[in-house]
Structures are given as C-alpha cells and as structure tokens.
Amino acid sequence: MSGQSTKEFPITWGMVIDIDKCTGCGACMASCQTENNINPQPEASNKLRSTSWMLVYELTNDKAFPNHDIAYLPRPCQQCGNPPCVSVCPVIATDKNEDGGIVSQVYPRCIGCRYCVAACPYHVRYFGWYDPIWPEGMEKVLAPLTSVRPRGVVEKCTFCHHRWNLAKDAARVAGKNPDDLDDGAYVTSCVQNCPSGALSFGDLKNPKHKVHELSKSPNAFRLLERLGTDTQVYYISRREWVRKLGDNYLKSE
Amino acid sequence: MSLMEMEKNWYPLGVERCPLGKFLAWLGFLGLWVLLGAIAAGLVLWKGIGVTGLDNYFGFGLWITFDLAVIALGAGAFFTGLLRYIIGIDELKNIINLTVIKGFICYSGAMIILSLDVGQPIRAWFGYWHPNVHSMLTEVIFCITCYLMVLIIEYVPLILEQKQINKIPFLHNLAHQMHVVMPLFAGIGAFLSTFHQGSLGGMYGVMFARPYAFRDGFFIWPWTFFLFVLSAIASGPCLTVLICGFMEKLSGRKLTTYRVKSLMCKIGGTMLLIYMVFKYLDTWAWINNVLPRAGLTFDQMFYELVYGRWLFFTELVLCLPVPVIFLLTPLRKKPAFMYAGAALSCLGVIINRYVFTVQALAQPVLPFTKWEIYTPNWAEWTSSLMIVAYGFIVMSLSYRYLPIFPQEVGLNKK
Amino acid sequence: MGLDRRAFLGLVAGGAVGTMFTPIPWKLLDDASIWTQNWPWIPKVPKGQIDHVTTTSKLCPAGEGLKIMRVAGNPVTAGGNPAHPLSRGGVSALARSEVYMLYSPARIKSPMKKSGKGFEPITWEQALIEMADKLGAAKGAVACVSGDATGSVNELLSAFVGKLGSAGYFMMPSEAQAAAKGMKLMGAKGQAGYDFENADTVLVLGADIFETWGTSTRNRKAFAERRPAGQKPQSNYVYVGPVRNNTASVCDQWIPASAADLGVVALGIAWHLLKAGATTNAPGFDTFKAVVNGGFGPEDVKRATGIEPAVLADLAKALASAKAPLVVAGSPFGQGLGAGPFIAGMSLNLLLGRVNKPGGVYALPELATVVPGAMTREAMLDADLPTFLKAVATDKAKAPQALLVYDANPAYGLPETATMAKALEKIPYKVSFASFLDETAAMCDLVLPNSLTLERYDDVVTPYGSGFCLYSLVRPIQKPVHDTRTTGDVIFALARKMSVDLKFDGFLAMLKEKVATLGKASGGFVAKDVMPWQVAAGKPAPALAAGDLWKALEAGYAWTMVGTVAQTGMGFAPDVLAKAVKIAKAPAKTAVLAPYAQLRTGTPTTGIPCQDLTMVPDTELLGEATFVKLNAETAKALGVKKGATVKLTGAGVDREAKVHIFESVMTGVVAAPLGYGHTAFDIFSKGKGANYLSLMAVAEEPGTGMSVWTAAEVKIA
C-alpha cells in the first residue's frame, strides 16, 4: 500500500498475545516501567500525556448487560515489518536495520520532531514532555541496561533489546550459537513477568520456537493488518468479536 | 535637528509617513504581543514542551498548523518571483518587494516556531548531518532552511536600498550586484519552494497508516505533494493582495494600482481553479479507494462539531468554487468580491492544513480507540501570535523606511 | 580606510573558510551533541556487575517468590522467581514494586514520636525506653492488630501481647477469616486450600481469584497451564459475582449475582446436584437436603437472583460430570464475606466429594508454633476486629490501654472507616510498626518503621488459598535504606527491656527454629524439580535433606507439604446455613455497592505503588476523582448520567464519585474501586479519589455472629 515493502530478516522476534488469558492486571506495564527506566508519574490519568511503552486496552463488544463482554489487549510496539514510523524520521533516529527486526529508537539521535508519533497508528510512541524525575533516592534502582532519556525525544518499546544482547552473551559464554538462541533464552520483561502466561515471545521464523506455530493459529490476528504494516506482534482470541476489533471492516465485509 | 526631523530623513524619497509617536505606540503595542509570546517560548525552552497543550496523540498541533499555513501563504514570494523574473511578467515588479518581505516573515516566523516545536532544538542540524533521504521531513528541513537563506538574500538588497544606507558606495554596489543576480535566486527559490511545499504535503500523504491523510500518488510522491504546491501558489498571491489592501487601509495611502492587485488575484484564482479540479479528483479517490481499502468510510472521518463535516464543506465548497468565481469572472473588478475571494482562498488553505494536521491524528485508526480532542493552550497561542506581531513589526518597519512600493509616490501625488 | 570592497569580502570569506579548518566549529558541534544527551540533571543508570538474588514478596499478599536483579550489589528490579511454586516466574504489579518502594516518598525514615499534630524523630533507644514504660503501665490491656496474614512474626507478637495481658489479638479482615470460621462451624479442622493445578472445572463464587484472592499469581499460573495459547482450553472456569471483574474477564462464563446472594446461588446448585442424586455420609446431610429443598429450588433462586433455572442446572451438570471439579467461595473484594457463603460453597465440594482430593479442597494442617505462649493462626483468625472496634466506638466495650499495630492500617482499610477511626482515637497509647506513613501511623503516638522486604528477615507461611502447606523465606539483600529495623527484632529488644521471656534472643534465631521444625514435619519437601501439585496428583514426594533446608530456603526455594489434617466429622452445618443463607429482598430506590480491589492500587499498608498509577485507567481515576461503574439500566433507574459527579451515601457518610457507564456490572449494582481516598502516604496516593469502604455498614451474620459487609446498600444522588 505504501510503495515500500517488508524488510526480511532471518531472525524475526515476535510476540504472541493470548487475549483470552489476559486479566488486565497491568503487571506487564509495571514490569516495563521499571525495566526500562520510565519515571513514576504522579498524575498519570491523562492518558494522552503519560508514558507506558506497554499499554493494556480494555475492549468491549459494545452490547448492553447481560450480553456485554470485555477483553484486555496489551499493546507493546508492534515492531512493524513495514514500519510507518521509520521512513518518516528525518534523522534516522529510528530504524529497522538489524536481525531480529526490532525497530530501534536511538535517543541521542532523535531531534524530537514527533513525525514518527504522528505516523504510528498504534500510539506506541511517547514523547518526553518534561525531564524525567524520580522521587529522591529512587534513581538508585534505575535498571542498568536502558539509558535514561532526557526530555524532548521520542521513546517506545524496544522488545527489551538489551535482553537480547544479554542472551547472546550468555550463549557465547556457554559455547552456543548466539544467532540460534533456544526458545526462552531471550524473553522480554513483560512476557517474563505476566502471571497469566498471556504473552509469548520468540523467533517467528524459528520452527523450534513456540511463537512460530502460535502465529499461524486460526485464531491469530494482527492489528490493522490491511494497512500493510505487517507487524511482528500477533494476538490470539477464540472470540470473533475480539478478532474483528483488530482491524477496520466495511459493513459489506 | 530634532529626532523627529532626523527620522524623516530615513523615509523613502517623496513619501509621507505617520508621526513618529504614533508609530512608536504601534510598535509598542505589537511589542507587547512579542513579549507575551517570548515568555511562553522561554518557558517552553526552559521546562519542555510539556507546557503546551500538545500530547502523545497530537504530536502535531497548532504550531505545525501555523507553520504549514504560514509557509503556504508565504508562497506568494517564490511564485511571484518566478512569474516576475523567470516568466517575465513585468508588471509584478510593483508588488514583488512586498511578496519578498511577506515570504521572509512567513518563513523566518515558521523557523522560530519550529525551533520551539522540536524537542531537541540543539540537535536540529542532525537533519543535515544524519539525513534520512527517504523522509519527506528531511526534504522539508533542507529546502526550508535553504529557501530562508534565499529569502534573506532577496530581502537584503531591499534593506540596502534604504535612502541613508544606500549612500554608502560599497553597500550601494552590493545592492546593485545582488539585483543583477536576483533572477538566479528567484529560480533557486522557486525550485526549493516547490519542493518543500510539496514535501510538506508529502509528509501527510506518505503516512500510510493514517487513512485520513494517506494518498497514493505518482512515483515517490503522494498526491498531497502536488496538491500542497498548487494550494500554496493559489493562496500565496491572494494573501499578498490582502496584505497590500490592509496596508493601504491602515496607512490611507495607495501603494499599488488595482490593476496589479487584480492581476495577482487572477493568477491566484487560476491556480485555485486548477487546484480545485485536482483536489476534487483526489477527494473522490480518497473516498472511493483509500478509505475502503483501509476498511473505513467517509462518515467515519468526522466527529461531532470539532471535527464535523462543516469543515470539509467549508474547505471544499465555500473556499474553492466560490473564490474561483469571485477571482476569475468580472466580479473581480469589484473590490468587495476580489478581497472576499482572496480571503476565502486563504481560509481554505488554512482549514486544509489544519485538518491534515489535527483531524488526521484525531481520527481513531485502531477500532478500539476513540476520537480525541486537541485544544491548543495559551503557550501555543501566544507564541504563534508573537510571530504574527513580529510580522507586523517587520512589515511596518519595512514600509516606513524601505522603498518597497515603486508606485507609491506616483499614486499619491496631490 | 584601506579596506576596499574586495579586501573586505576576501577577509570575510577567508575567515569563514579558515575557521572550518580549525577544530573550533567541529568541537562546538560535538559538544552540542554531547550536552543534549548528558545533561547533568538526568540521572545516570548504574553500572557494575549484574546478578540475581531471591527472596519472597511481603508487600504482595500473593506471596510470590522474587528474583531480584542487582547491579553492583544493589537491587534494581523485582521479577518472579521461576523456581517458586507461588510465582513460577509471574509477578503482580504490587510485587514488582518491592524494589523501588524502598525509596517511596511515603517511607518512614526513622522512629518518630507524636508531637502536637506532627511527629519528631527520636532514636531507637528512646523509643524502646518510652514503649517499655507505657506498655508496662498498660499491662493487662494491650491489644494488637496485625495485617500480616502469613508471617511467623504473628507468633511473636501474640506471645508478647499475651504476656503483657492481652486485650485482644486481631488480624485485619481477610478471606482466611470467613474460611476459618466456616471450617470450624462445619466441624472441620485445618485451613482450606485449593488445588487449582489439578482442577478441571472451577466454580468461583465471588472470589477474585486472579487478582486479590489468596495466592493469585499461583492461581493464574495454574489457570494458564491448562489453557495453552492457541489450543482448546483444558479447563472450565465459571465466575459468579456482581461484576465481570479481572477474574471473570477470562472465565468461560460469568453468571451475574450480587455478593449478598452467593450462598443462595451455591445452595441453588446444590438443589440440582441433590436432585441428580448426589449423596454423602457427611454429618448433617439429611438436614442439609431439607434446607436446600425447602427454600432453594430453581424458582426461589430465580426470584432472588434473577438467574434462570437452566443456567444453574447446566452448571450443576458440568460440575457433576467433571473429573476434578472445584468450588471456591470468597468475597469479590477480599473481605467482609460471612461464613455462610463459605459453608454453602464448601457444601458443594462435599456433595461432589472433593475434599482432600487432587484438584479439590485440602484441609491443610497448621505448622507448629515455636514461640512459647504464641497463638495459633486458627485462634488469631477467630477474633473479629470490626465488631470489637465498633463496640469500642459505641462504648459497649472497654478500649484497650495500648494498641500495637503491625503492618496494618485499620484507620483506612476497614468498613465503616469513620467508626473504626473513632474507636482508635479512644485508645490512649498507640504504636505503629509500619513501613509507610499510612493513616493509622499518622494517628499513633509512636511510629517504629519496619524494614521493607528486601531489608529484613521474615517469612511467608501457607497463605490462604494455597493448595499445599508452604514455607518461604524472606531475607535481607541490602542494608536498610533508612533508619528502620525489623519489627521482630524490635519486639525481642523490647521484651528484654521489660523482662518478658520470649525464648529467643532475636528474630533470625526464631526463624531458624521455625525452619528446624519444618524438617520434622513428615511429608514436607523443597519444591524444586517436583512441585506440590504434582505430588498431590500422585507423584512421590522427594525426601527432605534436613540439614540443607535453610540453605535451600535462602536460595529462593520453598518448603512445601501436601498433607491434610485428619478430620473427625466434617459436615454441612445445616443449622448455620439455614440462618446465614437467606433470600434477601432487593432494595428499591437504592443500589448495592460492589467494591473491587486490585493489586495495582496496593494494599491499605502500601498505598498506591508509585509506578502503578500509570496502570490505572482513566475510567477509574481521573485527576482527583474516582469513578463508580454501573450499567445503563441502573443509571437510568437512579437518574444519573455518564460522567456526572454523584454522591454515594452509606453507613452514615457520603463519598463523591464520577459515573462510568459499564455494561459488565449487573443491574442494580454500583461497582466501586478500592485503594483510593488516602489521606496519608505521598503524592502518589494522597488525595486521589475516595475510599468507598467507608460506605459499607458492618452487619452481624445470623447464625455465625460474624461481622459481614459484602454488599452494602448505598443511596446515590
């Protein structure tokens, strides 16, 4: 649709999210916040201003009681195969250029023009409206592997890219091939901590990884597939109304 | 000699200007607006863009709308330059200086706003150092900064022609030399401007995951690329005429002939007609192709009053065929119609830039999200008004001291 | 002057080009880019060796084992410990906060003494002297309130208070209380434990098992295991309750019913089971049958709850035909449920033959106490704090002379909050052992900060809900951030000062003794390669290498035991049921308040963990206002509009709320979030919304005498 096409990588990290298991508890959001050094936000009820790389949406089938149903949809960066956000960046501060297909976000390069924010339809990108502030002393618990962003740049979920580096290091130390990691050797913080096991992570292209098969489930779908973003995040639900909410459809469809 | 008398020596030859006191009061009034905006700007730079009403849905808001509108309306400068120097419509020499100053104000103003709008202004030059050749915004950064330089080069000789400054032989010569090469700069300016007007449109048209703005196109350029160029060169000359008319009203002096203004309006109107044809085709293709492909309908592009259909119809009906008729038929002979036509043409472009900037982002693409409403806050309004006031100041000073209207002396002989 | 035009231009151009060959512009550009990423006020991330250590969460009631990431020895993040049976790698939003809450602005930084309206810091020694003096004077009338439902510290506190002459040892109200009372009335022994791992059909009556009820993280892991992504679920979960809450949202079926009617629904199901021929020789069966047939037939239940007879018939059929059905009854917000609904739910387990069976309910034995004079958990759970405080408030009971408050916030976390606070005010001397400056601490005369999880030794002993006995160690992995101490140690020091003999000379020694007793319990093992639910399902339990137990516990493994208490006649308690489970009349012009709690808003003692505010949706908290949820039909009947600010009145007080129309709340019910409306703590908790618990009037449950408050009536205007 865009005239560009999906970049292919031999390793394609992807997430498969089982919506039917997600209780909407927010533990994934909590995990992400602290893994990736997002500062606590005393006023976070303005959702258009607060930062949450992982965001859990509440979906409803829009029916009245008692036919009403709800579902929770956790939304990390979809790591689009054909990312609308990348080609627009004037300074290559965000790119999809390496194995794994993770869309990078290079903070020291970003000029904060927010064009990528406008281009991403998943509301994945967050801007630093102010300098980040931690309550006194709390900066001591900053996680070591994600740099703290100054204000004025855009940030987003990186699939905990640093954990991939750690996993590759560990593989090398163990004498294994860092380019052929075992299933589960690299998982993101949100995936690891979800108490419901609603999130799975792995190499979509690697048949030895669970997500490879899961992404092909008849109940699997992706968000806004028809726009051609070709995302690396899949959702699974047995409920048709949930699957339908993943994209826009005309009445005739 | 008193200061009052001395100041008179700085006027262009043979013209009258209002008393210095009145002029200073006017500047003081404008200065207040500049001060207010400067406070907002200072706060933005000190604390962060959080002090504005922008948010993670509306990364683009009033500022970008303002920039785009101002850059489109400033297009009179390059387009008139093109017609005057390259195509050779000699009559435009009577208004070309005004268009140059207007262009300079619009572009320098937009640059000031942009430097507030980017999160890391100190890194703004990364656009040159680490350019992404695929990004329309890179093109915009390049062309706008280059074109602002061209505008400065075009503006400088006007300043040098100031009666007192021109007495210095070196500067006199410099002004002369610069005039000689002006067609070259007009050409460069026209090229750069066409490109960045297009790229600004392209910026929206390439957002393939934003069906409100996305457009297919020709080669690497989406249709909005061409539509933005056309709408800019249609409205640019119209704004020049409006400014000229406004200055005449304010000063009570005739600055150009009605014929010149009428010619500008005819040019604008012609461009508007061409634009209208393409814009209608584009809208038709958008409704029948882009939107259904995305699984969306025309109805879903509007929401309540803020993003209502009235905006669509105002832009596409009230501000297109109506001004075309006003500007291209004998109605143009009547000032009321000519000015109304020019004003509507400008209004249409402003609405166009607004909906592409704000409505395009407000429209919920994810089916489980909803329309969000954006309201610019005081910091955005005052800083934008600061640019308007700044424009008035530059224009007032230029009018008072620079010989920008060749016809002024003749037209005001008693 | 000698400068002509050529020379001038030459100079300018030459200067410009020349500068380019100097390092100046390049250095400036480079500096500029460095400045923009290294502003001194942007904190730097720590560098150093990364490692992981383990402990157990005390902030989160789900008792997860934690894996703490450290950098250069300092903890930085808390994740779930994959080797721990209550975590299996999962962690709640609350347990995740264990690390950063060390630096919460609400933390109490040193011992403090009330001084006028505020506090002044004092030394630990001064505090101990003052306390020894005051408690000595109050001898015979010292009470204690504990909010720690799982720690052995309760043994110590109860023994200490007992030796001073106890005026009562109270646990903060919890699910465990209704269960303990229910078990007792049924003639059963032991703590009810639920084997979710081996159950295939689970009927959940009210309990928010995947959010705040019991071992919620473990419950969710068990749920997830039988629901492999992309495949047909291998279990069936049905939720009965007033709101499609977090738990119900993933269940296969939601049956709307008011929390007041949970017992009615259970007996309604029993009716179908009995009709289908269910029988047992448990004591009281015949009377039970008569009670059920006498008032809980399909039409009775429909009249009372609106549930169609076919729905319950199908449900009964599903339970009866399941291999391993399990019924769990609890309060949708973790407190206030009477013993009646619990017994009604448990009677289904009896009818289905699910007691002490894999995938059913286990009656878990209590671990032996080690402190002489300590109360058993069973005894502690027997005391009823709301009833006691209400009596104190209304002068029907004598106020204790002194009160010790451990890890509890009764001034905020009890129903009829205003009444409870009034009672607390009548107690002349109060000491709080809190970690955060909560509402109760703010009322106390002395505040003695307890070290947080990562700073202290402590333990987690068989949390309510766990399907097996469990002991998990909490160990310090860093020095206290502030001048805080482990309360256990403070009590021992105080006891020494007051010449009270508590056998041990420190809390660590006491815990070591506790662990030593575990080695003696038969059937216990360290869950490593074999998990307790596997043992329940038939796998042989590994042997316990006794000498290494402490080491294994320090390494983050849990000691577990699949055992049951020998029962002598667990029965239906039909007389209690007949009184406690009543078909209630539906309120006319009022609505039923259905509170719900979520771990992301913390507990009464933690306040809202500061990172967790981001998790709260704007349909729950917006600025300073909290929302109540009701469906469109209810809103219409009550005449309230979407987004409107309304006043809810109950228990003689009123609270503000905004209206959120939400169709997953049953008609006639107003769902209200708990965890808001703090008047203490920090900017992350204070002044955010209202505390709707305060609207809930405490009533006495007929037949059991327990205080109950699951479904209060409120007026809305």
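Chains: A, B and C, in written order; residue numbering restarts at 1 for each.
Please note the rule applied: contacts are C-beta pairs under 8 Å (C-beta built on N, C-alpha and C of every residue); 3 or more make two chains touch, one makes a residue touch a chain.
None of these values were measured; they are calculated from a predicted model.
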Chain occupying the middle, per Cα centroid: A
Chain pair bearing the highest count of C-beta contacts: A-C
Between chain A and chain C, centroid-to-centroid distance (C-alpha), Å: 30
Intercentroid distance (Cα basis), chain C paired with chain B, Å: 61
Distance between the centres, which are taken as Cα means, of chain B and chain A, whole angstrom: 39
Overlap residues in chain B, where contacts from two or more other chains coincide: 120, 123, 126
Touching two or more other chains - residue numbers and ranges from chain C: 33, 36
In chain A, residues with contacts to at least two other chains: 46, 51, 131, 150
Residues of chain C that touch chain A when the two form their complex: 33, 36-37, 39, 41-48, 50, 69, 71, 74-80, 89-93, 96-97, 99-100, 102-105, 210-211, 216-217, 220-221, 223-225, 227, 229-230, 244, 246-247, 249-250, 256, 481, 598-600, 609-619, 621-623, 631-633, 663-667, 682-684
Chain B-touching residues of chain C, taken from the complex the two chains share: 5, 8, 29, 32-33, 35-36
In the complex with chain A, residue positions of chain B that touch it: 47-50, 54-60, 117-120, 123-124, 126-127, 129-132, 134-138, 140-141, 203, 206-211, 220, 292-297, 360-361, 365-369, 372
In the complex, chain B residues that touch chain C: 120, 122-123, 125-126, 170, 173-174
Complex interface listing, chain A residues touching chain B: 1-3, 46, 48-49, 51, 57, 59, 73, 84, 87-93, 109-115, 117-123, 125-131, 150-154, 223-224, 226-229, 244-250, 253
